[in-house]
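Next come two complexes, and both contain chain A; in the first it sits with chain B, in the second with chain C.
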Partner chain A sequence: MIDYLTLTVVMIGATALLLPLLQVIKGRSENLPGYVLAVVLAASMVLLGLFTLNPSSVSWAGSLLIPDQLGGIFALVTVGVTLAVTVASFDFEKSTSNPVYYSLLAFTALGMVLLAYSEDLLMLFVAWELMSLPTYVLAGFDKKLRSNEASVKYAIIGAMSSAVILYAISLAYGLTGSTQISVVAMRFAALLSTSSQSTALASVSILLFVAGFGFKMSIVPFHMWIPDAYEGAPTTISTILAAATKKAGFIAAIRVLLAITTFYALTHSPLFTLANVFAVLAVLTMTVGNISALTQKSMTRLLAYSSIAQAGYMLIGFVAFSNAPGSAAASLGLTGTVFHVLNHAVMKGVAFLAAALVLLQLRRADLGAYDGLGKRMPITAFTLAVAFLGLAGVPPLSGFWSKLLLVLSVAYGPYGWVALVAILNSAFSLGYYAWIIKRMYIDEGESPEKVKEPIWFVVVFAVMVGLIIGIGLFPQQVINFVSGAVNSFAG
Partner chain B sequence: MNSLGDFVIVSAMLFGIGVYGLVTKRNALRLLFAVELMINAANLNFVAFGQYLPFEGGAQTAAPNALGQTFVLFSIALAAAEAAVILAIVVVAYRLHKDVDVSELKSMEG
Partner chain C sequence: MSFVLSLLIAFPLLAAPLVYAVGRMDKRMGIYLSLALSGVVLLIAGYVFWDVYASTPAIGQYALQEKYSWISVSNFGLDYFLGVDGLSSPLLFVSALLTVLVIFGSRNIIDHHQAEYYSLIFLFEGAIMGVFTSLNLILFYIFWEVVLIPMFFFIGVWGGPRRKYAALKFIIFTFAGSTIMLLGFLYFYMGMSTPTFDIPIIQTMLQAHQIPVALQYVPLLASFIGFAVKLPLVPFHTWLPDAHVEAPSPISVLLAGVLLKMGGYGFLRISIGLFPNASVQYAWVFLALGLFSMFYGAIAALLQKDMKKMIAFTSINHMGFVLFGAYATLISGNYLGIQGAIFQMFTHALAVGSLFMLTGYIQHQAGTREIPLLKGLGTTMPRTAAILVLGAAAAMGLPPFSSFLAEFMVIAAGISASAITAISILVPVITAGYFLWMIKRTVLSTPEPGHEGHDMGWPDVAAFAVYLIPLVILIVASYLILSPALPVAEFLKELGR
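Our next item is the complex of A and B:
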């Protein structure tokens, strides 16, 4: 009996390969490739859901893949975002309706599913590239000035981050003779007790991992490409970058860095520990993201900086975990990170898609286009308002609960200051979120006429707003499930 | 040149040259060269470690560790794919700008 994960991988992979052929057989029919991909991705979500509830071993993968629930959550989130983007693209990419666009989306989704389950650095690297390469092309899909500029910057920075990860893997392999993550982590721990030279090399390897993953996770100071890439790329692709590939960066970091933390402190010195590194990065990322977001004049750029700030909140879980691996706070922190990844994917995804619809219908991306939007596009404006309140962490929306978990996980330890900075940042970020909501509902727009809101966009908005409010009202079940997955990973 | 340390030092130098190129150069093709240097530095590491660190599963074995050589084959193939994609993007940039200088790419600021 073939397992569901294999079935999913084969299904998405075959779709990705065969979609361009569809054009040859059927001629250039409008949106057909998109419909096919949406059906396939929806079916994959069902299969992945079944697989996550009841993980079984994957026989062909050996030790390359680890079919645990943590990977399942990330696979579901990333495929879900890809599905939302595909459905939104029915209207957004209607003018081109190029099957290659949907084929590349499928390849990215496949890379993210494999990455979520990777347990070997070789598999992780191949999946990382499979996820990244199609997004370089997609970012430049418009072949216009800005889109191309975004894709040049993104592709070069992305290639550099892969090179850095590759170098880190080569050092880890040289020191341990293995590429299996659990073995690498165990032998790194053994190194600490022996020669100091290898310890230094191991620290270099770990820091290179932090930098390489940090580029995808949009951690300050590795964030400089984010605003340009998100603004220039087609907005549907910015959604993929912010809500899906970034989350895939997080699962890679959780798998590699947190496995190593369990056994390893960077050096014998109490100051230079992995927990301190993460704490400094988290505080920098939150603060820089929020302050830069405040002065933006374009919606996609504002969302890009807010996405950087949210990555800072997610890093808090890493601080709690690497500070005291195995403790209750560690488990709480990682639960908070995974829960916030899930919530942020929904909230940021829907916010970017709303921005995509405004761009599509009004041909404008600057904040002036949002004046009086509450009267012109009521559904879009409501969606944006809910997403923004969720991102700011207003109860009882889903973003509040995950931020609460993250803050609680570090509040009562040596990293209480990180919790304090997170709370201050959260309050500060409400400044620009509430300002946009005010512009949409109170300010007068330049013309009061109604604008059409296409049905597929409305469907996506309804589902995702439902998730934000639903998880916010009933967080207990989701938190229990996530913490179960985290405990089986960490324990 | 026949000890592991020499290979690691050469590889570290290659990596350093790559980083230097990325920081100082402004031509998109040169940036691609720099990235390729970094990737090949890692490849050199893999081959050298595979040859000189013959242990698998913790026990010393006579044969070289084949994992490093395997990894290099994957990474060369992926580097080729990456170069193809980036060159295609740079070709489009050249058509739009008649130049491949990345410091010219600043239509978005803020």
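Our next item is the complex of A and C:
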């Protein structure tokens, strides 16, 4: 019987390796590598979808990978975003070296798929690097000063976060003698009853995991690189960073941290618990993100800070989970996190792509370019408006439901204040989202002339706006699916 | 299971893109199509109104219920739950009626982006129908928020010179209010022993005394802020004059006639209907706030020079009656208060709606709305002037307009709560005073020489008749509204005992 997952991995990997060869073909259609990658990614999505609907519970590749539904959701989301970016790149990335560009995209996608299914710390680290290294290059792909600066900054911070994760892995291995996540988690629990020194080391290891993953997940205070990198990188690549690799950070954190939490309280002190750590990080992240977003003057930076704020909402599920693993609230919270990851990938992905199109056509990224956009680029403006309302959590768009689940998961019990802060933040965030919508539809632009909206962008916009509204109106099926995946992971 | 209410919501929402598409191709066609489609909605709403009247739902019951599970995950569930009773059916009908009239009245006033305008009107109408029929708090909140979106664009795109300021102020006030309201709902939900968002189920629990009064204070305060902004209640009213002055006059009709009713409806359905014990304890505070709003609105209206701003303050004054009447019933047990409040919402929508539309005509034809500059309308624009006089008579509560009956009922209920509230009789007196003074200055004065006015055509006169004739009919046939409203009043009164 064919194993769809193996087939997907081989297919994307082979495409990644072979795409640069297209460079030598003279007189090829300039978008040929893009078409190839798009077809491969679309086929991968079909295969992953089939695989996710009928998962096999046996461990795979010598218990390095666990092919469960939760991994399937993240693989689908990340490959889906990569596909959207690939399609949008047909118009955006016209340089002669674009086979390399698409090849690097394929490598990133491969890394993210493997990361989604990783069940072993070393596999996870390798997949993490496979995902990250191509994005360092892609961030500098514009070969402009800004872009190169972004690339270097991102690479240094990325290397540091990899080092932190590796250090955490080495501590975990030293303490438990295993790199398999489930074994590490169980032995950590056993440590709790033994010497205090090992307990302290285990806590350090967990906190290092939080920090290391936190860089990719854009958690405050590990977020400093985000706005600069998103702004400097080609905007399509910022889309990958915000909507795909960030989500990969989340699946890594879910796999590692939440497995550990199931067994482990950080210390014996009632104050210094993992749930408290997540609660503080969540509140800090959403608040800092939203307040900073309000003061931005460029669209990519605004989206970057909004992306940070959204990571704060996603962390709420971690709070609910680590507060009472195994409870209904934990399952609700983790469902909310995964659902919000999915929704955010669509909403933020399409918002970044819309910003990319504005940058491409108007050559401007400042917010002034958005004045009167409703008349100049009606489809783009409408897309942005829907995405923004969804990000703000306006019902009945998809973002509302995932936020509602997240808020409800912590509303009862000791973390009610996190729910309150999240709701206030959500209301506050509408301030800058509505402000942009106002600029697009009510303010007058400097010139009223229409701007061309390329067909491939329009296709991507239509699909993603359809998802935002469709999931918003009929959330039950998606929620059922996500909560089934979460329950089989956590239960 | 009936599907009429879903149709009532879905029909306008589906009409919106259709009207947009047709309007883009042919502006004239778009307007005719809008009129026809809004007429269909009016027929559906009329059916609902008649159904509620003919088979008046028993105390605490809702007619035409629809209930489906929307989402359910873990221990959390949410229903798509609709229903109507004697409180919502008049509001549904008057909203649908005003929408038809607004579309008719907009045809010469809205001169750009017509396709967008008419399709937003249908979005607004669908959301309003949803607000008045939702029996699930979250569903209610969703429709409540959707209403804001078209209104923001109405003011921001088609408004006057300070439209951006007014639109932002409107959205900030109402959005802040509704967020606080949502927080209150969530707090209430979490405190319940068997959590639910379904209004009828909560009310059954209330009747069985399963919801302690201690749980009701916070959501009562939170929902009060949400509804007080919409009603609007002094001191939450400052967005209203700005919004009205800047909004095009058909939109002012929707603002005053429909949007403000959301506040009154919310007070009756939710503040009293879900937090009755706490409401009874603080009934005097709400009564006093309503009374203060009535006086404040009336006195502020007296001082206005802009005719539209004057009518805006009249709205504050009239909507104060709604709150006053509702809580007077809670104190005295006299049903007239809540019945009168429901009646007042209906009559205010039509009376003040006609006046707002009229200011649009007057500005369009005479070039100004400033009362001191409008002279001799009686001779230059006799038909306009006649309707202005009739509309003012309806607004000040002069028989044979049924506004008289509504205000009378509210004041009577107030007096049975306490004799001191008899002071409220002064409010209609002041109202009559400023309207008569306005008429004296604009209609009965001598026109400035060389000032030729263009009077309105007969189609418009007919449209204004549609505003005012129901008010005359209802003073005879008041039972159409009052008899379905009676079980609502009894229910709300008994709930807090």
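Convention: the second predicted complex is superposed on the first by the 479 of 491 C-alpha atoms of A that agree within 3 Å, B and C clash if a C-alpha of one lies under 4 Å from a C-alpha of the other, contacts with A are read in each partner's own complex, and residues count from 1 in each chain.
We take it that a contact is a pair of C-beta atoms (placed from the backbone, for glycine too) under 8 Å apart; a residue touches a chain by one contact, two chains touch by 3 or more.
Remember, predicted model here, so these are calculated numbers, not experimental data.
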| item | value |
| --- | --- |
| First (chain B), second (chain C), both or neither touched by A:T235 | neither |
| Which partner, chain B or chain C, touches more chain A residues | B |
| Partner chain in contact with A:S306 - chain B first, chain C second, else both or neither | neither |
| Which superposed partner A:V394 touches (first chain B, second chain C, both, neither) | second |
| First, second, both or neither for A:E149, with chain B first and chain C second | first |
| Which superposed partner A:L332 touches (first chain B, second chain C, both, neither) | second |
| Chain B versus chain C as contact partner of A:A163, first or second or both or neither | first |
| Partner chain in contact with A:P227 - chain B first, chain C second, else both or neither | first |
| Touching partner for A:T179 - first (chain B), second (chain C), both, neither | first |
| Overlapping contact positions on chain A, where the chain C interface meets the chain B interface | none |
| Chain A-facing residues of chain B, complex | 8, 11, 15, 18, 22, 28, 31-32, 35, 38-39, 41-43, 45-46, 48-49, 53, 55-56, 65, 67-68, 70-71, 74-75, 78, 81-82, 85-86, 88-90, 92-93, 96, 102, 105, 107-108, 110 |
| Interfacial residue positions of chain C with respect to chain A in the complex | 69-76, 138, 141-142, 145-146, 152-153, 156-157, 163-164, 167-168, 171, 175-176, 179, 182-183, 186, 190 |
| In the complex, chain A residues that touch chain B | 122, 125-126, 129, 133, 136-137, 140, 143-146, 148-153, 155-156, 159-160, 162-164, 166-167, 169-171, 173-174, 177-179, 227-228, 231-232, 295-298, 301 |
| Chain A residues touching chain C - in the complex, by the definition given at the top | 328-329, 331-332, 335, 394-396, 400-401, 404-405, 407-408, 411-412, 416, 419-420, 423-424, 426-427, 430, 434, 438, 441-443, 475-476, 479-480, 483 |
